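In what follows, a structure is listed as structure tokens, so that the remarks can point back to it.
Labels run A, B, C and D following the written order; every chain starts at residue 1.
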Amino acid sequence: MTPSSAAQRSLIDTVKAAKKSSDAQQPYRELGLADNEYARIKEILGRRPTSSELAMYSVMWSEHCSYKSSKVHLKQFGDKVPVEAKDILLVGMGENAGVVDIGDGWAVTFKIESHNHPSYVEPHQGAATGVGGIVRDILTMGARPVAVMDSLRFGPANAPDTARVLPGVVSGVGGYGNCLGLPNIGGEVAFDSTYLGNPLVNALCVGVLRTDEIKLAKADGPGSKVVLFGARTGGDGIGGASVLASASFEAQGKTKRPAVQVGDPFAEKVLIECCLEIFAADLVTGIQDLGAAGLSCATTELAAAGTGGMAVDLDLAPLRDETLVPEEILMSESQERMMAVVTPKNLSAFMAICEKWDVTATVIGEVNDSGRLTMRWHGEKIVDVPPRTLAHEGPVYQRPIRRPYDQDALNGDHGNGLPRPKTGEKLRSTALKLIASPNLADKSWITDQYDRYVLGNTVLAQPEDAGMVRVTDERWRAEHDGEDSTLGLALATDGNGRYTRLDPYAGAQLALAEAYRNVATTGARPLAVTNCLNFGSPEDPAVMWQFSEAVRGIADGCQQLGIPVTGGNVSFYNQTGTSPILPTPVLGVLGLIDDVTRRTPMAFDQDGHQLYLLGDTRDEFGGSEWAYVMHGFLGGKPPAVDLDREKLLADVLINASRDGLVDAAHDLSDGGLFVALAESCLRGTTGVRVIVPDDVDPFVFLFSESAGRAIVAVPRTEEVRFTDMCTARRLPATRIGVLDVLESAIEVQGQFRLPLAELRTAWASTLPDLFG
Amino acid sequence: MTFPGSLDDRDALRAVRLAGAEPVPLWHGEKWLSDVVAVVLPGGFSYGDYLRAGAIARFSPAMQSVIDGAKNGMPVLGICNGFQVLCEAHLLPGALIRNDHRKFVCRDQRLRIENAETAWTNQYEAGQEIVVPLKNGEGGYVADPATLDALEADGRVVARYLGDNPNGSYRAIAGITNEAGNVVGLMPHPEHAVEELTGPSTDGLAFFTSVLQKLVGIPA
Amino acid sequence: MARVVVDVVMKPEILDPQGQAILGALGRLGIEGVRGVRQGKHFELDVDESVSEETLHRLADTLLANPVIEDFSIHR
Amino acid sequence: MARVVVDVVMKPEILDPQGQAILGALGRLGIEGVRGVRQGKHFELDVDESVSEETLHRLADTLLANPVIEDFSIHR
């Protein structure tokens, strides 16, 4: 024993000592626990907690891990599960990630998670470890991760700090995902001043597994071994979970240790392959990744979900830094670690696979039926707790809710006085300015840093409306003469902070509707939802109102659309000082397509195809890109939500894809019709000639953000069938023009003509000019 | 061949299969190459590329056998990370360094096949233009001027980038071969251009049919 | 003109995946007796004599090293 | 146990994109008087006393540096 650890030993707080000195002062407030919470811990234990127990309760009862402010609201996702979706849910909310049945013995698991605060402190590592964390969640379900996506928000594109944060975040997302060999198939990037001191980095991962291979986080069977494997435990991110997530990031910046974790994507890649080999050999009874709250979380959750008891010898945990004390080991957020429960019979096979992959694996404890989680350190008992009280029975708060004082004023000011472009020339310059604005400009400066090809199953990737990957594997090919499957899954993420600020209920539904529409546009049928709820402080009643309205909107919306929420993540305390970010629920929708060769891409490639606009266009500019870019204005109401119309539109798009009636489709969202036309032309090879319908104002026609719309390119030979289908289903379909290979421009007849070369320059140069 | 950290190994297997051959997965830790007749070293980040791309992988037990095989004429194709491994193993001259713009780049890349006589390119025409994905962080090909001149003079530049140089490679070199023409290193990824559905083209397939032609004389 | 060297290494408490990978490879190379490896960055600067210590410090602190995770040393 | 430092730098004739980028950024930082920057790698090894010079040389020459493009120096 080294002298320093001998010295530490005398400082170890044991259960025995805690029993003797129940009134000793403890720094529970500094650890983020409230007076009443500390009192409850004492009541549960019948004594004061040891310092190790205190560390565990503080991280497990933090906002981030316990969902104490959001739980009462999130319950709605379960209560309102649409009936038609109940039987596809193999694993619902509450596990590491939800699992849905996609037929043919396949299942899909997917989830989105935030890593906002760490990405502000150290953009590259923060974003990288965000990707690493969500990938481990998916892996934990027993799935092979098959793709990632990233939804990003930054301060103004030209702000100096954005030049620090954005390139770092992008290299972190790319560096980690690329190194894992996971294609990045989509995401979002948006800029707004409220994100300047608080960027949002939300990462999504999707994995595929067989329905009979689902793994759960539970420690079952007395006598089974608890194995910690992967990276060694170091001092990184100590206190990260509780401190970063339960107090505003600014306030504690100086007093606490920097909670920076450095990711090792190579270690994670090896860990993934190692786990998949272990799963294939069916060697674990339970498994859990180590994320926020590290060992505290893994041990308590496994124990709570299983037989109920576990004994751990903390001395056995392999350390990177031998000076760590038990409290630190329990709170460390070192990356690339997993914990498995393995029967004694399977242990040697398990260890052999770890050895093959050069993964450190150590038995640190055993499952028992004592109903207690106990831990020893240097021979002394330092933890003795009922695990459920940490994992499931944390505090639950009904936080005060109040509609923001300025909400009425905000909604009442519709910006009716904002000057609108009236002439063709003015419309043209508006169009150019919008397409070059950072929110609408080409994102390839970012997405070219992401590998979209690896694994060889990417059918669609950014900038398509949804990413799409083929679902196939060696087992399928072995059963089907070496042919790959044609089954595919599609994914899109969307969020709109401005709409949500104007009306959180409608704004959240608009984000849901857009992701749903994006998936359907590619020809896939929407199936399930994940969400990442990025909000300010839950202690601010105005923020809590935004939150509760948004959750209600999502729950109602999912019920109406018939797609269940399978999981997600809540990120509170996104604020600078007391100014919260725009409320930003990000919705991820998963869809399914039987035959990936039938997918509908967005590019305009076919000369002479007829261009149809589906849906209704109204004068809706509340929260629009136009108001933001041209006037810096936010007010009024967001576009109206009509989820029945969204369902109808989706049905038409899916049928059109299946029956081969359309060759290209693109949904309408930020920036309206003009932006969609520009994106489809620039992605493809043709221009378009567009006619403004007689009774419509050209400005509204081109830039309104009415929801429930898409454009499609229909071959002349299919025109009658297509319009008949729309008529029969009562979906408005207006012919608005034709694709023209010779034109090489967007020509809005009677208004203006914009050559594609000029458009491309404006669109493509914005981000490179800003970020190099 | 799979090293710890290989990423495009499954894609290489698929490309070999689509070309009509039987792919055999090899593990870096196994010294024996069993009875394979050609080896593809796939893309990826072997050992995380932490020291230098390919620097650690080249010491794998299996690499010794690949080096021996290559010297005896066995066709070996190194793609991306595999190219880096071949340079580190001194089967090919020069080295690959960080892209000049210091970012990872993923794009559909136009290439010109300069040498259509190697074991891996005999199904192309010299001068043929193809489009295949390119994705790398350390793809800048460098060598001293004498080496570059010799490569040019001997026709050992296999493929060259067209359009903007994506990574700062000297003389826009995308791929090279050894003197015997059996070992080829290529930075772009032909194995990702073998299916209409998932690639920008099917231009990459001919790398894999070339080696079949070379080995068994059956044009696929 | 003076040659200034700046060495940048990860703070000791931060994970160093590079060093770990190298340590792992040594075994295969048959090299024994190496107990630990940390990998950092090494910069060689050519600077005018007029450049002050403060300037060099600022340069290292803002550009060459990321003080959140790295330490640096300057050798003039 | 001894601390050995190995520094690896690109050969002068090989392009050094990182060094160039740093040089470019100096202007934006308002730092003047820096004429040249080259970025290399810095390794800190903890080795047993028994490890010979030859072993260290072999380690640097085969693993830590790629002699095709890099030079190295060993400081014991």
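By our rule, contacts are C-beta pairs under 8 Å (C-beta built on N, C-alpha and C of every residue); 3 or more make two chains touch, one makes a residue touch a chain.
These numbers come from a predicted model, not from an experiment.
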| item | value |
| --- | --- |
| Pair with more cross-chain C-beta pairs in contact, given B-C and A-C | A-C |
| Euclidean distance of C-alpha centroids - chain B vs chain C, Å | 33 |
| Whole-Å gap between the CA centroids of chain A and chain D | 40 |
| Inter-centroid spacing, chain D versus chain C (mean Cα positions, whole Å) | 9 |
| Separation of chain A from chain C, taking each centre as the mean of its C-alpha atoms, in whole Å | 36 |
| Shared interface positions of chain A, touching two or more other chains | 264, 266-267, 358 |
| Junction residues of chain C - those touching two or more other chains | 17, 21-22, 24-25, 29, 39 |
| Touching two or more other chains - residues of chain B | 47-48, 50-51, 56, 59 |
| Touching pairs - complete list by chain label | A-B, A-C, B-C, B-D, C-D |
| Chain A partner contacts - residues on chain C that touch it in the complex | 10, 12-17, 20-21, 24, 66, 68-69 |
| Touching residues (chain side chain C, partner chain D) in the complex | 1, 7-9, 19, 22, 25-26, 29, 31-48, 50-51, 55, 58-59, 62-64 |
| Chain B to chain A touching residues, read off their complex | 4-8, 10-11, 14, 17, 29, 43-45, 47-50, 103-107, 133, 135, 137, 189, 191-192, 195, 197-199 |
| Complex contact set, residues of chain B against chain C | 47-48, 50-51, 56, 59-61 |
| Contact set on chain A toward chain C in their complex | 121-122, 125, 231, 234-236, 258, 260-262, 264, 266-267, 320-321, 334-335, 358 |
